[in-house]
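Presented sequentially are two complexes of chain A, the first with chain B as partner and the second with chain C.
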Partner chain A sequence: MSEQDIPIHSPAIESLYDTEILVIGSGAGGATTAALLAEAGFDVLVVEEGAWVEQGSVVPFSLEQMNQQYRSAGVTVALGLPSIAYTEGRCAGGGTEVNSGLYRRPPAELLERWRTQYHIRDLDPDEMYAIAHELETALNVTTVPGQVSAPSMVLHRGAEALSWENSESPRWMKYPPGGNAASGQRQSMTRTYLPRAHRAGARIITQCRVRKLVINGTSASQADVVLANGMPGRIRFRHVFVCGGAIHTPALLQRSGLHERIGDTLAVHPTVKLAARFPEAINVPDDVPVHQVKEFAPEISFGGSASNPGLVAMALADNWTEFGHAVNEWQRVSVYYAAITSQGKGRVKAIPGMRDPLVTYHLTGRDKQLLRSGLSRLTLLMLAAGANEVYPSYRGAPLVRTPGDISNLQHSFATTKATVMTVHLCSTVPIGEHPRCAANSFGQVRGMKNVWVNDASMLPDAPGVNPQGSVQAFAVRNARRFIETNSPRG
Partner chain B sequence: MAAQTSRAFVRPFTQCMLGVDLPGLSSSQRDQVSDFAVFHVDELPSVLRLGCNIIAVVMRGVVALPNGSNVIAWLIRHPLPLVGEYVRMIRSLAYTYVWEHWPDTLPDGSAAA
Partner chain C sequence: MRAALSKRTLLVADYSLPSATVVTGAAGWLGRALVHHLSTDSGAYKRDGVLRALVLNEQEAQAVRDVSTNVETVIGSVTDPRSLERLLDGLPADTDVIHTAGVIHPGKVSDFFDVNTTGAANMASAVHRAGLRRMVHVSSNSPFGTNPSELDTFRAHEPYNPYLGYGKSKMQGELAVLAQVEQGLDAVIVRPPWFYGPLQPPRQTTFFRMVRSGKFPKFGAGNQRRSMVFVDNLVQGIVRAELTPNTSGRGYWIADARPYTVNEIIDTVGRALRDEGYDVKPGAMKLPVFAGRIAERADRLIQGTGRYQQQLHVMGEMTHSIACDIDAAREELGYDPQFELYDGMRRSIQWCRAEGLEL
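Presenting the complex of A and B:
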């Protein structure tokens, strides 16, 4: 059998696996870590809880995709007042298979703040930007060839009318020659870093849930897992990189007996939404806009959401009697969001006897004000772009047709009436030398010799931009440090 | 066990809510949407599923009242803490399902002419 004939992945069925490096999770952090370590000569095994779902086999942003590629079929909530709905990928490639594909480098001022506030050792912006450049090449980060989609133009047009700063966010996407906004192919982890890891000799097993790590003193030696057939299994390893995302990385560490500062500092970018109706057809059901409005960044950013008819109906549902008529014109409607950089904090807590952790999040008063302000300004942006009607997504929201109606919105908005959501979760195992950090500057969990984190959980706090670029840049940095200080078994 | 609980308690509530909210849906559509809601409650993370099923038991009792659908209509308009979140979640799931599968559906749930 030639190398090309070897399947890139297989369901977990062996009751015992042995490996030098176990990487738990195959998203932006896990896949990147696996590729670099395998290329450096380490024996790498990647375990993924979800299935391998080929791109194109499900419609993007559809309920079927949620069933197949999201944890809990896409319905997960951080409890609080208000509760915050969030989504996480659970499939080979993790969130990179289901997210917007937008890319932002970590801003220089953010790196500097993280370096000084969290005492991250050897955090060199030049090194980080050299890594970012590598990532951008590997992922083919690029802008849309030709005209962007109509809902994206709405953001651009509205911002220009108001003289607000806006730009097209590049994406990791490949376009064929002469292609357009609709012809891109996502360069997610199943297309990039996982095949790269496989080519370097890494094994990738799917449908394998890690229950806990077996820890003796300061070392972990084994992972107890549930295999694809529901049977228990074991994976023995020399080092383990936990890359299960900001919720399930801390939950796994806690289930394994590691608690110190782990899971106490969940950070998110909370968002509120609206739907807007325009005179012309603008809806693109299976893609998201690429423009973002950054006039009030990093505190508030505006962008576009997935807007298939089902999601349009959901955005209108809180005021169905007043707004429901718009669903029959869904081709002229699209959904947009205002996201904030929150100063609130959340917790992830594994509960004995329960499969999933309890997740809570507390918005501060300042966060709530920013959400109100963000939704008001987003409404103004839509009107400036030519919207006939704007439908803010909270109970009791007014139908907005003119800028004068926005004062009603400002008076009636409350976060407890709104559907607050997020797709960016991070910072539950923050890195740095500061006492509040749960892992050292390179992701090694405090007090452990061979347990590392290398995913969104390691970011010290919410970056205020799409976090995938930051996650991957840190993952490369930390993997390289590991390679410098550890040798593959001969 | 959890799946049986969801089926026994979430389904009747969803059926009743759809009858109030989207009366034009056919009974077969209502069945499909209700099955979808039950599936999603079963898929919820552990703690949420437990909380949801507790509320679902209470709401099942409400549905069984002689004027249960009036109470459900009132709860849709006047969301109470926790119970309101349950109502909102089931409604959101239902609306998303209806318009993703039948995008020409009118706001009252009936099929477009």
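Presenting the complex of A and C:
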């Protein structure tokens, strides 16, 4: 049978699989790891809890997509005051199938800070940027051909009026010749690294949930799984790379009996939102703006959110009686966010007998001030861009029409009244030689000979930029180090 | 730092010097510094023509005449629109008005609004009605509150977030001036943070005494950042704003070149005092941050009852950063501050000594 005849993925149904390398999770970290190791000659099996959903079979950012490709239909909650809602992809390709597709290299200052603060060995910026360059080619990272979308122009126009630094973030997108901003095709993992892994001989099985790793002393030998048909199964391996994302990687390690420093340092980019109404139609329901405003980075960043009518309604929901009417004019409305780098503390804790772990997150006083200031500055930007009305997204928020109205926002805002949410979850198994790190400088879990992490959980703390580029760059670096120090079984 | 290309190079030439200049709040600290610099031989921006000063009473008029002999005083108040008509009576069209009148530490909270809000509105409308060339409105950092973190710096454009009664009254003052700009008034807003220098009022002398005795209150690690402005830098900024066309409706931070940390302020002032021959007890009164938060809350409660307590107010603000970025003033006004904290503080100390003030 030729390679073309083997389907790229299949539901997990065998009661026993054997593999040299097991990669758990098929998102930015897992897919990249699988491709590199398979190309180096290792026998690789990728297991994914979700299904393989072909791109184009669901509308991007739609409710249907939330049902099919996100965990818990799109919203999970980290407990705390306030509770923070977060979303996680659960499908082949993980978060890369559902996120905004914006790409940022890890900033040089960030790499330097991580290297020194967490004692990450051999973290060479030149090597990281050479890897970033490879990734950018592999993912076709590019800017929009021609004019960016109207909601993106709002960010650009408002920031320019205020002399605030802003730029178009490139995305991993392919545009047909002569295409426009709306014609791009996402270069997510199901289009890039998963097919690459498959071509190099990796097997990809879906709808397979890993319950736990069986560990004896300093080695893990097999994974106990639940197959697509609900039956139990086993996967035997020599090495395992856990790449289930910042919530489920530590939860799985904890269920397997590994606890030390695992799950104690969840980092996120807490985000608050607003909806703004303009004199003209600006809404683009199936895409997100590509401009980001970095004037106050890394502490505060602004950008645009998905804004289909359902999501516009959600942004207005906290004050529905006063703001709800705006949904009737959703074509003139778009949703924007202010995100911060938090100094708060979060935790992931697997609870025996529960399918999902308990996630908690606590904002600091400074975080709350930054969220207030971020939402206020974003409101000013909307007025500078020509918004008629701004609807901040928290209970009891004032309607803002003039700069003077923003003082009411500043005084009435409290994070306990807001739907604080986040997308960039990371840092639950931080790498480095510092005592607070749960894995070594290359992702090997402390005290374990053959258990590795290679996803967002390894980032030492929140990067302050869209993290996928950082996750993949570290995943490539660590996979290469693994290849240098381990040989495929003959 | 921002792009090197100065936007100023794109602007047309400066306004010529006005035939007449009006200063309100002339007996105040900043007012007298302006009168000194605009009308005396030792002033940095001496100009010909009429200099007319608004003062509250004869005692204030005398204080202004003590600074300069080239000044006409008019007794009145920004709270009394008829007195403002008298103030502006008979002035030529190329007259500029520098509006410094304001209340910062009042007896009662309502004074804030009478002077800082209604007074600014009265002044803006009087200048507009009289058809004068330009108004420079001296505002404050207070309409913008405090920075959300110690690393944050206020940019040229910020959303209003007024700090208590003073901040709210100054915000509404700005909005009243901007409303007149919409009607056609040419007015520019200058926003100085905490200022210091010669002619300072007694409360600033207390500041030197606290540093000398090692009792300046320091909350937490003392890393809060503070923008400050030496009064001569501020006068330069006001004159630059006055004479730069095409800036109507804009607001500019006018401060020393960079913000200082509280630790740096205590150390630098201590060094300036020592270099002027004073004994300085090292250190500061270290206080936990929550003590400042309590002061802040008490200030809020007391102001809620319509009263005002200066020490509490200043303590409450000290736990936060108030740092601003002067790039817009540099680029658009050509503002170029000449004094840093150490030099400015030495000059202040020398002035205090010359005045016979006990430090």
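By definition in this document, the second predicted complex is superposed on the first by the 489 of 490 C-alpha atoms of A that agree within 3 Å, B and C clash if a C-alpha of one lies under 4 Å from a C-alpha of the other, contacts with A are read in each partner's own complex, and residues count from 1 in each chain.
The criterion applied here is as follows: a residue touches a chain if its C-beta (ideal position, glycine included) is under 8 Å from a C-beta of that chain, and two chains touch if they have at least 3 such contacts.
The structure presented is a predicted model; accordingly, all values stated were derived computationally and were not measured.
Engineer: Judging by the criteria at the top, classify the pair chain B and chain C on chain A as clash or fit.
Structural biologist: Because the two structures are overlaid on the shared chain, the partners are seen to fit without clashing.
Engineer: Scan A:406 for contacts with chain B and chain C and give back first, second, both or neither.
Structural biologist: The second partner, chain C, only.
Engineer: Have a look at where A:133 lands relative to chain B and chain C in the superposition and call it first, second, both or neither.
Structural biologist: A:133 contacts neither chain B nor chain C.
Engineer: Per the contact definition in the header, classify A:299: touching chain B only (first), chain C only (second), both, or neither.
Structural biologist: In the superposition, A:299 contacts chain C only.
Engineer: Who touches more of chain A, chain B or chain C?
Structural biologist: Touching more residues of chain A than the other partner does is B.
Engineer: Touch check for A:366: first (chain B), second (chain C), both, or neither?
Structural biologist: The answer is second: A:366 touches chain C but not chain B.
Engineer: In the superposed arrangement, which partner chain does A:376 touch: chain B (first), chain C (second), both, or neither?
Structural biologist: Touch partner of A:376: chain C, not chain B.
Engineer: Centred on chain A, what angle do chain B and chain C make, from Cα centres, as a multiple of 10°?
Structural biologist: In the superposed arrangement it comes to 90 degrees.
Engineer: Please provide the least distance in Å between a C-alpha atom of chain B and a C-alpha atom of chain C in the combined superposition.
Structural biologist: For chain B and chain C in the superposition, the minimum C-alpha gap reads 25 Å.
Engineer: Once the complexes are superposed, what residues of chain A are shared between the chain B interface and the chain C interface?
Structural biologist: On chain A, the chain B and chain C contacts do not overlap at all.
Engineer: Report the residues of chain A in contact with chain C in the complex, numbered from low to high.
Structural biologist: Touch list, chain A to chain C: 162-164, 295-296, 299, 366, 369-370, 372-374, 376-377, 379-380, 384, 403-404, 406-407, 409-411.
Engineer: Which residues of chain C touch chain A in the complex?
Structural biologist: Residues 145, 147-149, 151-152, 155-162, 168, 171, 175, 328 of chain C touch chain A in their complex.
Engineer: Give the list of chain B residues in touch with chain A in this complex.
Structural biologist: Per the touch definition, chain B meets chain A at residues 21, 36, 39-40, 43-48, 79, 85, 88-89, 91-93, 95-101, 103-107, 112.
Engineer: Show me the residue ranges of chain A that touch chain B in the complex, using the header's touch definition.
Structural biologist: 62-63, 71-73, 75-77, 79, 83, 308-314, 316-318, 320, 324-325, 327-328, 330, 351, 354-359, 395, 419
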